[in-house]
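Across the two complexes that follow, chain A remains constant while its partner is chain B and subsequently chain C.
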Partner chain A sequence: MRKIISSLTDGRGFDIGLVALPLGFLFLMSGLPLLYNVLMSFQEVDMFSLGSFVRPFVGFSNYVALFSEPETWPIFANTAIFVTASIAGQFALGFGLALFFWVNFPGASWLRGLFLVSWVMPGLVVGAVWNWMLSGDFGVINFLLRESGIISGNIFWRSDPSYALWAVILANIWLGTSFNMILLSVGLSSIPDDLFEAAELDGANVWQRFYTITLPMMRSSIGAIVSLGLIFTLQQFDLFAAITSGGPNNASNVAQYWAWDLSFRQYDFARGATISVIMIVFVMFASVVYVRSTKQEVRG
Partner chain B sequence: MTQQIELSGVNKYYGAYHALRDIDLSIRKGAFVALVGPSGCGKSTLLRSLAGLESISSGDLIIAGEKMNGVPPRKRDLAMVFQSYALYPHMTVEQNLTYSLRIRGVKKAEAKKAADEVAATTGLSILLHRYPRELSGGQRQRVAMSRAIIRNPKAFLFDEPLSNLDAALRVHMRKEIRMLHDRLGATSVYVTHDQVEAMTMADHVVVMRSGLIEQQGAPLDLYDRPVNRFVAGFIGSPAMNFVPAKVGADGETLVVDLGGPQTIRMARPLQPGLNVIVGLRPEHLLPAEAGRALLHLPVASVENTGAATHVTTATTPELTLVLNGRIPLSPADSVPITFDAAHLHLFDAKTEMRLVPA
Partner chain C sequence: MSETTRNRLMLAIALVLAAIYLFPLYWMYITTLKSGSAMFATPPSFWPSDPQWSTYAYVWESRNLARYMGNSLIIAVGAVTVITLLGTGCAYVLARYRNGWVDVGLFLILMLQVLPASLMITPIFVGFSQIGLLDYPRLAVIIAIAAKAMPFFVVLVRATFMSVPMELEEAALVDGNSRVGAFFHIVLPLARNGILVSAILIFMQAFGEFVYSKSIIQAVEYQPASVGLNSFMGPNTNEWNNIMAFATIYVTPILAVFVLLQRRIVSGLTSGALK
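Showing the complex of A and B:
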């Protein structure tokens, strides 16, 4: 007993304790639910068997059934569009802003801090604000588009099937841009100035410096932000709940919202779990990319 | 003789701060010029202004006959070796070397050939495929040099390139850089705060203080005829001793104040009663034979390096002597000292400028 206690204060016991505590927490709070989720996707679950662990095992039939549904592929396609467009938009705007604030004009860091406001806003609030802005009859977006002559009639963003998904994407880009900007700003400022000076003396113009110094030096930051972006957009739920509720007629439905809808509104837990398991695969992939890119920092 | 770099009346302000004051400097083709001065005197600022990394506020900068005031760095055709080396961490040594060539659109095979050639002369051949993080400090320094050499630029700019190396390697690289300079027939501007480095490497030394050029010239000229007390104290190691003194009534003697007055003769007469500062280099103070001493100095401490005896005296101000060989001295002894009157440096006590007749 003494030995165990002394190893806790000055030996491996302390290290093991440090690792075991978060691991135990993670296992309990994330690992078990995850495993349970995977388990459910192979079981037949209904309202009456909800309370018990032991349920009829049905193999892959939940998966087979899922992919024979007519709405499955469109919803997965929506998810892909949502994720790709959101990440692309957030990254492009975020990188642009990061480069802009990098110039360090007076008040730059102050203004950059203000941008973070969008990121700390709850998704439901952001959704509500965008609801107003996107509103068909009196929304400010329609007003701007109309006044600048881009459209002639109002767009009903939230109820028009061809725009509904894009309405959520727009709000999500707004929500995620500042996070991208901050992370990319950090990446930018960790590049030593003298590299750019050396490149400048070596004859490189602004674009050449961007492609040969900035981008390669940002590789790990970019890898991290894109994989985090994938995880965050696959998690994005509030905006769908607030803006379109997946409608009209699934036109803006995505996997994460659908899984929730199936599980908690239609009580089809097996189907909901099946979708989640498919998403887990993508998130795991993103996590691997994230871990790899933060490990591969190239710093001289 | 053609001038490779010419600065006339160059001023540089950082906001209200006057970082460079009326800099006039001509650097002929093939020269090795050292910029020295204490920290914060504007050496780097001057070098960076040459490179175009800082813009000058007024004055003219001419490189190889062309006015370069507003020209961006990439069009100045100067190569710089940074104190931090500034190697591209995501590129191999070879890619570092060929970067400037690739930017200019030189063909791959040709760039590789150039890199091989330069690497052979700087001893980097076996390191070409390493990344900078896999190199030692000395090797990185070589890569930085090679990256400059491969470009064959109008001039090399060095900003304290050796300050991150250990003492032995620094002495070695000093020679190597100078040899490379001569072999390439290059023009070099070399910033250092180490006056020994400046004296041993350069043909032309520029001493700066607070953004001003205090004196420039051949290293030994600066050593022999410093124009003011600052340069006199800055050049030479250990530093020159300064003693307040007054010219005697006859105009031929000096009454030096070393705690108590002692009288010495000058080489040339000065205005009687003038307050001066006497400068004496430690290496010019010699032990005197009995009865021929010009000064008697009480000893405070003695350090023996084997080849020389360093003595600090118990006078105010205290003096440093470097006596050749091993001299048996202990604190509380008095050491008789002589010197050649021609080695006296005399500065006006008020202006601190050199008094010409001395």
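Showing the complex of A and C:
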């Protein structure tokens, strides 16, 4: 007994205790739900069997039923559009801003940090503000577009099926650009200055320096940031809840919102679990890419 | 072009860029000060001629914001407490050793970090309802948020512990401290700032959390402000000045903390996400 106590205060037991408790908690509250999710996707779950662990096992029929629904493929296509457009927009704008703020001038780092307010705000608030700005008749976005002559009539961003998804994408790009910019700034500042000086002496112009030094040196940061972007956009839920609720008629529905909607609006928990499993496999894949691209740093 | 002119020019462009980027925030604040008719005027005014300060008091009373904000605060403080107590030790051990087990642990933690809340809520909700945790809805949300956000905290705080020189701890051990003593008297005080910044980041996340609260908390008296804001926004609402006032009251404390601690938060965030 004494030996155990002394090990806890002054030996291996101390480390093991410190790490076992949180890992146990994470296993119980994240690991088990993950496995439970897979189990439920093979079961028949309804309101009556919700409380019992023993439910009819149905094999792959949840998956088969899911893919025979007419809305399944459009929603997965929406997810792909949402993810691709969001990441492209966030990355392009973020990279542009990062390159701009890379030029050192007084106040640069403070102003750059200020951009991050879009990222620390609750998603629901961001959604509410964009919902109002994008409203059809009185939204300020429509007003600005009309005044600058880009559109002649109002766009009904939230209720027009061809714009609803783009309304959410627009808000998501705004939300994520600053985070991309900050991380890209870190990558940029780690490129040694003498590389650029040497290239300049050799007569390379701005574009040549960008393509032959900046981009190759940023390769691992860019990999990490794009996969982080994929992870974050697949987590985006609040904006859908705040702006379109997936409507009209699923025009702006994506898999992560649909899974929640099936479980908590239509009480079809098995179907919700099935989509969750499919999407989690995707996210896991993205995170392996992320871990690999930061591997040197993780190992130290 | 001289150095000063160039700096001034860059600063001016930067200010314009920041103004464009932060326009949604400005629009939120300005809408709260408009009256019902000024809000729907065409063209919209970009500066309120007749600021309606009473909107805040009206929304605070009529939407029962004190209760919503109180619930958000309880949930955020609870989640930060659980995460800090459990996560700090874990981050310390993962920073102190280099071996296969640590790599495996880190990999698992990074994997758990990426699971989307809206996908995990289905099994969490069913599981919690089976073990009866849904009877304590706020506690259930705190636990769910803690499990979701702890990996992020561990990754950030681990980066802090890595920057504490191990020699200091070894010196304390040579001087007769136990491992526990060295941890609490030497390592923790040195890592205090990093832990604080990470805890603040987690607090901001938990304060704005929506999916878990929306799904788990049915009773309106336990709901946080994010759920309250969501139910305030009906599909055909036209009370946008009141909704923006709700959002303003909700978000301004977070923005204030962020602007005050901006430098530290940004550096803490970047050290964890890429290193």
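The rule we apply is simple: the second predicted complex is superposed on the first by the 271 of 300 C-alpha atoms of A that agree within 3 Å, B and C clash if a C-alpha of one lies under 4 Å from a C-alpha of the other, contacts with A are read in each partner's own complex, and residues count from 1 in each chain.
Just so we're on the same page, a contact is a pair of C-beta atoms (placed from the backbone, for glycine too) under 8 Å apart; a residue touches a chain by one contact, two chains touch by 3 or more.
What you see is a predicted model, and the numbers here were worked out from it, not measured in a lab.
Trainee: Clash or fit: chain B against chain C, after overlaying the two structures on chain A?
Mentor: fit
Trainee: State whether A:212 touches chain B only (first), chain C only (second), both chains, or neither.
Mentor: After superposing on A, A:212 lies in contact with chain B but is clear of chain C.
Trainee: Going by the contact rule set out at the top, does A:36 touch chain B (first), chain C (second), both, or neither?
Mentor: second
Trainee: Which partner reaches more residues of chain A, chain B or chain C?
Mentor: The partner making contact with more of chain A's residues is C.
Trainee: Under the stated touch criterion, which partner chain does A:138 make contact with: chain B (first), chain C (second), both, or neither?
Mentor: Only chain C is touched by A:138; chain B is not.
Trainee: Examine A:161 and indicate which partner it touches, taking first as chain B and second as chain C; both and neither are also allowed.
Mentor: So A:161 meets neither chain B nor chain C here.
Trainee: Should A:56 be classified as contacting the first partner (chain B), the second (chain C), both, or neither?
Mentor: It touches nothing on chain B or chain C.
Trainee: Using C-alpha centres in the superposed arrangement, which angle lies between chain B and chain C as seen from chain A, in steps of 10 degrees?
Mentor: 80
Trainee: For A:192 in the superposed arrangement: first (chain B), second (chain C), both or neither?
Mentor: Only chain B; A:192 stays clear of chain C.
Trainee: State whether A:115 touches chain B only (first), chain C only (second), both chains, or neither.
Mentor: second
Trainee: Per the contact definition in the header, classify A:202: touching chain B only (first), chain C only (second), both, or neither.
Mentor: first
Trainee: After overlaying the two complexes, what is the shortest C-alpha distance between chain B and chain C, in Å?
Mentor: The answer is 8 Å, the least C-alpha separation in the overlay.
Trainee: Output the chain A positions appearing in both contact lists, the one against chain B and the one against chain C.
Mentor: Dual-contact residues (chain A): 298-300.
Trainee: Quick one: which bits of chain B touch chain A in the complex? Just the residue numbers, please.
Mentor: Residues of chain B touching chain A: 51-53, 72-74, 76, 78-80, 82, 84, 86-90, 99-100, 103-104, 131-133, 147, 151.
Trainee: For a test of understanding, state which residues of chain C touch chain A in their complex under the given definition.
Mentor: That would be residues 6-7, 10-11, 13-15, 17-18, 21-22, 24-25, 27-28, 31, 39-40, 42-44, 86-87, 89-90, 92-94, 96-98, 103, 105-127, 129-130, 143-144, 146-148, 150-151, 154, 162, 178-180, 183, 201, 204, 207-211, 214-215, 226, 229-230, 233, 235, 240, 243-244, 246-247, 250-251, 254-255, 258-259, 262-263, 265-266, 269-270, 273-275 of chain C.
Trainee: State the interface residues of chain A toward chain B in the complex, per the touch definition above.
Mentor: Residue list for chain A touching chain B: 192, 194-195, 197-205, 208, 212-213, 216-217, 219, 298-300.
Trainee: Enumerate the contact residues on chain A facing chain C in the complex.
Mentor: 9-11, 14-15, 17-19, 21-23, 25-26, 29-34, 36-37, 40, 45, 50-53, 97, 100-101, 103, 105-111, 113-118, 120-126, 128-133, 135, 137-138, 140, 143, 147, 174, 177-178, 182-183, 185-187, 221, 224, 228, 231, 234-235, 237-238, 241-242, 245, 256-257, 259-260, 263-264, 269, 272-273, 275-276, 279-280, 283-284, 286-287, 290-291, 294, 297-300
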